[in-house]
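Multiple structures are listed underneath, in structure tokens.
Across the two complexes that follow, chain A remains constant while its partner is chain B and subsequently chain C.
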Partner chain A sequence: MSERPGSELSEFTGAFVAEADELLANATTQLLAAEEAGRKDQPHPRGVREAFRAVHTIKGLAGMVGVEPIVAVAHRMEATLRRADRTATRLSQEALDLLLEGLRTIQRAVRALAEGRPIAQPPPALLEGLEALDDGAQVPAEGSPSTLAADPLLEKLGPADREQLRQGLAEGRRAVRADFFPSPERAAAGLNITSVRERVGAHAEIVKVLPLAVPVSPDAPAGLGFALILLTGEDDAALGATYQAPAGAVRSLSEPRPVTPAGGAPLWPGSDVAEDAEPLHRGVVRVEVGRLDETMERLSTVIVTRYRLAKAAADLAARGADTRELQLILRENARQLRDLRSAILRVRMIRVTELLERVPLILRNLRRTTGKKVRLETDAGAAELDKTVAERIFPAVIHLVRNAVDHAIEAPAERLRLGKPEEGLLRIRCVERSNAELELSVTDDGRGIDREQVARRAGVAVPRTDAELLQLICRPGLSTREEATTTSGRGMGMDIVRKIAMEQLGGELSLRTEPGRGTTFTMRVPLTISIVDAFSFECAHQRFVAPVATIEEIVEVSQQQIVRGPNPAAAVAAPARVGIMERRGQPVPLVRLDAIFTLPDAAEHAPKVLVVRRGGAPLGFMVDRMLGQQEVVVRPLDDALVRVPGVGGSTDLGDGQPTLVLDLPALADYFTQVQEGVARA
Partner chain B sequence: MSLHVVFKVAGAEYAMPASEVLQMESFEGATPVPGAPPHVAGIVQVRGKVVPVVDLRRRFGLAPQAPTLDSRVVIGLHGDRAVGLLVDSAREVVGVADDQVLPPPPIVVAEAGGLVRAVAQLGKRLLMLIDFPKVIGDEVHHGA
Partner chain C sequence: MSEILVVDDSKVMREMIVACLRAEPGLVFTHAASGLEAIERLSMQAFDLVVLDLNMPDIGGIEVVEFVRGQDRLKSLPIIIVTTRGDDASRSRSLEAGASRFMTKPFSPPEILEAVRGLLAAAKKPQA
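So, the complex of A and B:
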């Protein structure tokens, strides 16, 4: 690390970017929830509070990294949010717009920081707007919850907390206070404030956690404890049972009740210490994907070593040694490596719900630009998918959402005329299939796709089935709209969705549409994919790719530069498959790829040589010509019929035909083994 | 009574249960896989999946023939394996009743190397019911 003095800072920047991304997403979600609640004329104190916390944290972190433009915006947003939280006011639409714009501005700054670009100053209009909000702030009328008990603890709650309690009571839930006193015995039983919060939180909404100071007693050996202020539909006994609470620890706050001395007085009145001390996501580690890739690469080297071990064992056995014990260990070892590999793959999985968190914001903008009313329903359960797959599939989801709002869902007036609910419905469903596939569908209850119109526009016969219709609308550049709209242009983009689902992810895309009733697009994609940066090249008219990481160098050689030795075993007419060339004062052995693979029509070109290194010694593979370099999705070739040495998998270069992904170092090993076998025989 | 997919290889008619057939595709060439057994024509991509294709002419020890417009790939399922069979043509699905299925004459079994598991007699037509797992070499499917 010492050779790069700036490395600590840049590492911190990476962490900041990751953390800020998450906080921004959270703040956006919370503000949208507050906006949604506001539409139903309800306050949403929790949302405002969470948004405040996120912005507050962003400000602190940005200050540490020294990104002043972020600090400036966050500071003003924080002021607005803090006031709304303290006074339990509903945020006005104007305030929400400015706050969301503020989040977007911060997001842009974070992006710029991540990409090493200069960070623009925040637009003065935004800062002024936020400040103007503060000036015109009005103080709301404050009242205490009428149905709450007279527990003095309640006086330590802020107005927002009380508003939250009042709202909960209005919804028919009960306000409950649950006390917890940490002790060594409880800790041994897995009970600490964190686990109690989790357990209780599963049955109740935690409004506030207040620290308590009580006289030292057998029940409270430290004289310290916590009071959890809750909203719940469950009874006290059930709540108490979740954390083995002693009798009397859980009490209702919904009816008047005298305060027992055991309850004590809050240690730090109104303080958030207990809550602030806890991280937002317990037991969660954020990791850059690059590190996971590195782990996977390390594992690959272990697997290569294992192959060598297996080969050494086989050699021993061939020499008559008893290797049964060794074989057993090797088998066990192979199984462990497989398990380890799938464990690492699991680490890369993210929840689909997390992926879909960004959809509400996009939908909000669509609602505004189109003037349509759309409700979003998402149902992703606990489905997970690989981070890389998630990143690739998300643009396709966005395309489908845009198309649905823009083209499928009718304007409110038209919907009413058609006897449909004024508000359109957009449903995103995601289920994991048993065969390591994920099915993600986007459904709308709009007008359905007009076959005749699509056919007319494409100038072809009317498609008879949904599958034919899908093929038609996935034609590049096909437009189904007279005029371009600002959000999704001319309704293009289905070709992009198809490309993502089928070519980039190796999945499927299907369509079901009913005139007047709605449309469902379904994508089926693998849960994990492996993507590598690869060179593509041609040899004997067949295309291949090989991961860039496996190739040390690409050299152009002329026939004159290749020195050929004797090869008594080869047929006279066959071109020599092995040669030597000079590279930086070192002889490098060359082998013809077409000869190893016995490809037909082996031409004598001035070849390109791909140099790989195996166990320290370089080896060059001669191929006919290089085609390019690109990222490819590698699909494993699992079937026993096509599991052959040197072929790591297959990919699609976009022509619908599989292209073999070569593992040249493994091929080099295999070739050497074959040669040794020939030499031994 | 069960539905069978009928296909032709070198003039003879073969069949396998439709329930074991995933789909049929016209043959537009396969990507050869160097080092694979000679009867493996290569790999093809079907609905985003990569599937090996067994050339039945070669598998059955018959004279190879260049693919024609009639050539089809019948994609069969065995457990979680999907393997395509390259055949001269495939354009028929027939119902075969249980009592129409006869054990193959031993001499045929010996000659066919166990690749035919039964013969279905439909009137004058004789369909050889292939042993799909054997054809795709499932007995060697225990890893490298």
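So, the complex of A and C:
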């Protein structure tokens, strides 16, 4: 490969990837909005223009960092979009298909660049297809709006702007001109063209902003200003109030016309589409995740140092020194570190709506390949989650969406026969729960999961509850068999969904299904996974930590409170199991942590029990000594060779030694399975 | 000391342009993320040179140049238009509108550096 022309600028590769991702997401949203408008036979001039600009910017940036394959695709896409923008015509379905494919191709190249992989040449068929697109077949727009007042400024509008105004007026909105003249005083009060544009944009659709030159006056100290051409339903005074406009700055360009209630359907795609299509907000800084990780890593070293400091202070106190002042400072320092930690975590949070941006595109492809009709409803509100969690959970969401369309939602004809609406419904809901958890559910109104069929396939008894059914469809082996037969039911990739939700994210997965009515999968995952509040404890002279959230209770037991198990044979086969303890009238099985890990010197009797709950049943882990509670930075054990069930990662408690972070519920699961295996054998 | 206004709606592109010009001492950079912001900046502060992208929301580079050239105070302000290659029509339109130079992305750091040096030196010479 020859040297990239922009290799001097290679330091910008990361920034390019971040900006390109954003531009691609925006262009995709715009093209999908244009497609939606096209279904109603309407052009979507603003969507086309935004998509054009995004593709154009990508092309320019890609050229600077020397990624030719992206330039090649973007260049051809740009030509098509430019034509549609200049002539205010509707994009044909063929054009939209090729353009969306083009965006995907660019996305793949951007990913390859980000991961340092070689970038594939774009498929020639795509390039040829884009080049062959003929604009002759497209529908030209009608003439200019007839209800506009005569304003010489309007002559500066292009065809796409006129089309936008025409549609707005036809819909019953008013065309308005709002003038703004910048000055240092207004700038000091937060009023500049960017903020005014944003404020006015919240109350009106901005068609165009034109520069103005006027005689210098107290209102226009520089003699330069702007005229914002708007479509709005609000009155002039309300618009003027948004930017403290002087009298006369806002004036109507049209008279309101009564809306023709033909069919009731709005001609302009709903206001929500227009909102989605707003250009991305300024004042947002994009940061590479790597830098955030680095910040977190730095913080983790500070936290480790703090524990060493606290330990040193405790040693001093033990030797009789007066450490009251020191303790106060340490407490203050701990609080500051906590604040800093949550500030960094907030930076890492991304909006769930952002995460779900790609779902419409994926759904669109599924609709085309399956021939099914599916409507998407997403409701994520303002929920946010950590970027790392977001990256991990996204594949699970996609699996669930794919399954719902592939297997659950019936073909249109079948739905009609069943008396259901022809168009299936897929709903993604996301709520933030109070305990730093996010609940994300994917619901369909399809056929529901056929328990008998799943049981037959798996060769087991029919599950009685949804929870049992979930366990069954999450069995790793089940998927291939189902996939091969392609008929009803679910299961494809469900073991992956379960793994992501439960093993990777330490969350939960649940299922609710009703035959003929539909299915809901719900994942509950922590909002963030990097730092956890944990108990540290000792067992057979080894130190461990376990997240506080996973432990239901810590109890002290004496030997007398422990009842020997009813099955001595099993106890012999699995020496970790020592018996049963009574807790508030309920039996709690006890296991010895040291025996599970076959630690030496396990003769000592452990008086503390950590009670965890898994699938409703409690289990107690016996340990020797509780050491304390603290925040720990969990480093995942990414080496597959050292991946052990029940071990969530490692941490450093300040002694420089790696300490295992235990996932006791997972360990309980593993232990239960082993026990059952032993009992069956 | 020369005041440079860098106008591009892509933050990465603005940063790249500044990086290309780093080698020249005594340049002070102001960023503008749109043609509108550029006009606003120009209305409130004096600049020695503008590096201007063609394709931006609301009003593009050519509109900015046309407007700027219509103002007495800004008639001789050096303006370098940078745009993405393949839009050959825009070169003649930019120069007609009154741009001082026209550069095509991707450009190399020496190319833009040379253009900036040349324009600044020409502007400093007393008018004959």
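Here is the rule we use: the second predicted complex is superposed on the first by the 448 of 681 C-alpha atoms of A that agree within 3 Å, B and C clash if a C-alpha of one lies under 4 Å from a C-alpha of the other, contacts with A are read in each partner's own complex, and residues count from 1 in each chain.
What we mean here is this: a residue touches a chain if its C-beta (ideal position, glycine included) is under 8 Å from a C-beta of that chain, and two chains touch if they have at least 3 such contacts.
Bear in mind that the values here come from a model prediction, so they are computed numbers and not experimental data.
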Which of chain B and chain C A:542 touches, first, second, both or neither: first
Which superposed partner A:61 touches (first chain B, second chain C, both, neither): second
First, second, both or neither for A:247, with chain B first and chain C second: neither
Which of chain B and chain C A:659 touches, first, second, both or neither: first
Touched partner set for A:436, first chain B, second chain C, both or neither: neither
Chain C versus chain B, contacts on chain A by residue: C
Partner chain in contact with A:202 - chain B first, chain C second, else both or neither: neither
Which superposed partner A:188 touches (first chain B, second chain C, both, neither): neither
Touching residues (chain side chain A, partner chain B) in the complex: 435, 502, 505-508, 542, 596-599, 635, 637, 639-647, 650, 652, 656-660
Residue ranges of chain C touching chain A (in the complex, touch as defined): 9-13, 15-16, 19-20, 33-37, 39-40, 42-44, 53, 55-59, 63-64, 67, 70-71, 83-86, 105-106, 108-109
Touch list for chain A against partner chain C, complex: 5-6, 8-9, 11-12, 15-16, 19, 50, 53, 56-57, 59-61, 63-64, 66, 75, 78, 182-184, 187, 192-194, 197, 206, 208-211, 213, 222-226, 279, 282, 286
Footprint of chain A on chain B - complex, ascending: 29, 31-37, 40, 43-45, 47-52, 54, 80-81, 83, 136-137, 140-144
